[in-house]
Amino acid sequence: MTMKPRPQDIFETRAQPLVAGRTGLLIIDAQNWVMDEKNRQPRPEFYEAARTAAIPNMARLADASRKAGVEVIYTVMENFTEDGRDRSLDYKLSNFFIPKGSWDAKVIDELAPQRDEMVIPKTSSSLFNSTNFEYLVRNIGLDTIIVTGFLTDQCVDHTIRDGADRGFHMICATDACATDTKARHEAALKAFKGYCRSETTAALVEAISGCK
Amino acid sequence: MTMKPRPQDIFETRAQPLVAGRTGLLIIDAQNWVMDEKNRQPRPEFYEAARTAAIPNMARLADASRKAGVEVIYTVMENFTEDGRDRSLDYKLSNFFIPKGSWDAKVIDELAPQRDEMVIPKTSSSLFNSTNFEYLVRNIGLDTIIVTGFLTDQCVDHTIRDGADRGFHMICATDACATDTKARHEAALKAFKGYCRSETTAALVEAISGCK
Amino acid sequence: MTMKPRPQDIFETRAQPLVAGRTGLLIIDAQNWVMDEKNRQPRPEFYEAARTAAIPNMARLADASRKAGVEVIYTVMENFTEDGRDRSLDYKLSNFFIPKGSWDAKVIDELAPQRDEMVIPKTSSSLFNSTNFEYLVRNIGLDTIIVTGFLTDQCVDHTIRDGADRGFHMICATDACATDTKARHEAALKAFKGYCRSETTAALVEAISGCK
Amino acid sequence: MTMKPRPQDIFETRAQPLVAGRTGLLIIDAQNWVMDEKNRQPRPEFYEAARTAAIPNMARLADASRKAGVEVIYTVMENFTEDGRDRSLDYKLSNFFIPKGSWDAKVIDELAPQRDEMVIPKTSSSLFNSTNFEYLVRNIGLDTIIVTGFLTDQCVDHTIRDGADRGFHMICATDACATDTKARHEAALKAFKGYCRSETTAALVEAISGCK
């Protein structure tokens, strides 16, 4: 006779109520290198979307999170060594090289970390694969991660899928992310929507502000 | 003074020569449940693409791999317990439930595993997150993984990105994968092409047959 | 000004109350190969301790666990392939080779697994390093692991230390383990006692029977 | 018919020749907190052994490693946050609290890291469980780790076992480690000798100096 799932393994919806002490806000790659319009590739749609929507929305989410006791966590692309020998094979193949401690590796001023917030360096697409992020957030007691930052169809997408696989309730703040073009941004939101709950910044700010 | 990368960390191209003993062919979710046209969702483009292209191409790649001494590895969606309590949170939220040892969990007859090939059960999108796949292939001595199977924009995409992050040379056999629609298949190939080398089955069969 | 720990990060004691749905009983390497007195190394103290104490105590713990709804989990030394190419480097260096599906790999009859209990093959000292054990038990919802089996100063010791590092409340059932000599058994209990709570089978049976 | 191991999986000995670019020297917990004779527990045998043997031997090994191009890596006990909420459950249960950036967390002056050497903070016994150490050293290309530091029967023992399980050739520099008493040091060397190759500093300095 076939066995049935346990009652606690049956869910009606991904939209679980937020609990402050168990929720984290992850801000991905909001760093100088990414916003360096002068020296990096031309991508006008990205800079426009980032400056007018994604960055202000990340700031609103961070502000609401701090007030509510939701953990704010940053990750940035940054070598752990100066010569980058520790970089992932993929970063070596892709010729990504962001020196340790450089201006390029710093979080942009608009989103500056507050005292005792974690900034985790990585040389990979998903920080789950290359850092002890899962270890840190489990130790803190988090089971729900709100994802924001850059790029929607690369690190954001990948982090959401990995977090879903590893047992976290993943939430995408859909207007607090951006990528090279609006079309790619929209396509990505659709591509990974089965792995997470998708919400606007406005809805999340309200949920965070009201959470226990 | 800024340090430079080590010479061994500089690559001109992702197209490294294949070495038989270091290469694996991964066949993802080519199982009865996925090909169950009668009981699963209607998706005519998928069944057409799978039956006329992806499955025959996987068979050709498996055949060439066995002749050349390239490791053939399968993964299937399958609970490790009968009541599925071991499933990932994501599989519970998504109501995916494929009983251990069931017909649904079996690799399809056309691609039946040969003696001593590994079949790894998973309840996740990327087997890197939920199984000891990385451990097994490192012990065997593999550093290059050719990815085939289903669905191009879900498990295939995610596995390629995770493998890239974790230091493997990832190769997508672009016509040995499929997803619900042709449009989604093409979009996915574009979305993850920065994480891997993309090749046709014909090109890979030739490369595998000629490798040391 | 120096920051202080959060209130929830301060513990008075390791002796937390057991909760049935969050506790697992792990039985390590209680398999035919280990108990094969005829073909393996002579170690009379081990077989005596195993037969008269450790095995009966594991049976009592398993019985109490099943009645209370505590998960019973087995791990055994067993290759995942027939030629053992998947074994850890350490098993290769140590010339450990226990064929997949062999009599040697089977749990001993006295402790036969019940329906739907997990038996996890490994080729390592600590199953945390080589299997998806942590993933499975997190999905099930466990945070406390009672460790029993063989050998006290190898797999048992190592598993307790790894579990402690990875955020589990580890408990050693001190008279449900054994190793080659009584002296080594006692030394090991002392060596790892800082990583776990140490209890007799009698005390644990009582705690399990009374837990919610 | 039973399958046999592959030729490349058969080893005669653990004593493989050292290759400079594939070898790392790991220095564990050689930090001010551990050597703080005034404020920490009285353990005269430890301070004596550390000052007269282990520390000078680590210095000799580090010096030989730098000359030969062997990677020198440090790990220290150190919170990643100021309030230590990221610490492992075990460090919380044990009331270990070493503030981020504090004097206590610093490597002792005698063994000061050189430019671009990695110092990895941890809040666990084995850094394999809690940091991205394995990821970093695989990216660098290391497969052999020489272990030194404190305490022989805790972090050193545990790190050697984890490294062995995870596919590294582990080497213990037996006179470049120490623990609370000489008796515990000797017992630990015996307890984990099956997981590694054990060598004196003198023998290792010679091997390192002669390696390619």
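All chains are identified by letter, namely A, B, C and D, in their written order; residue positions are counted from 1 within each chain.
The rule is simple: contacts are C-beta pairs under 8 Å (C-beta built on N, C-alpha and C of every residue); 3 or more make two chains touch, one makes a residue touch a chain.
Keep in mind that this is a model prediction, so the values were computed, not measured.
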item	value
Touching both chain B and chain C (chains)	A, D
A-D against A-C, pair bridged by the larger set of C-beta contacts	A-D
Whole-Å gap separating chain A and chain C, where each centre is the average of the chain's CA atoms	37
Chain C and chain D: spacing of chain centres that average the CA atoms, whole Å	26
Interchain centroid distance [CA atoms averaged], chain A/chain D, Å	33
Residues of chain A engaged with two or more neighbouring chains	3, 82-83, 85, 87-89, 116, 129-130, 135, 139, 166-167
For the chain C and chain B complex, residues of the former touching the latter	80-83, 85-89, 115-116, 118, 123, 129-132, 135-136, 139-140
Touching residues (chain side chain D, partner chain C) in the complex	2-6, 9-11, 14, 82-85, 87-90, 92-95, 97, 99, 124-126, 128-130, 153-154, 158, 161-162, 164-169, 187-188, 191, 194-195
Residues on chain D engaged by chain B in the complex (per definition of touch)	3, 8, 21, 116, 135, 138-139, 141, 166-167
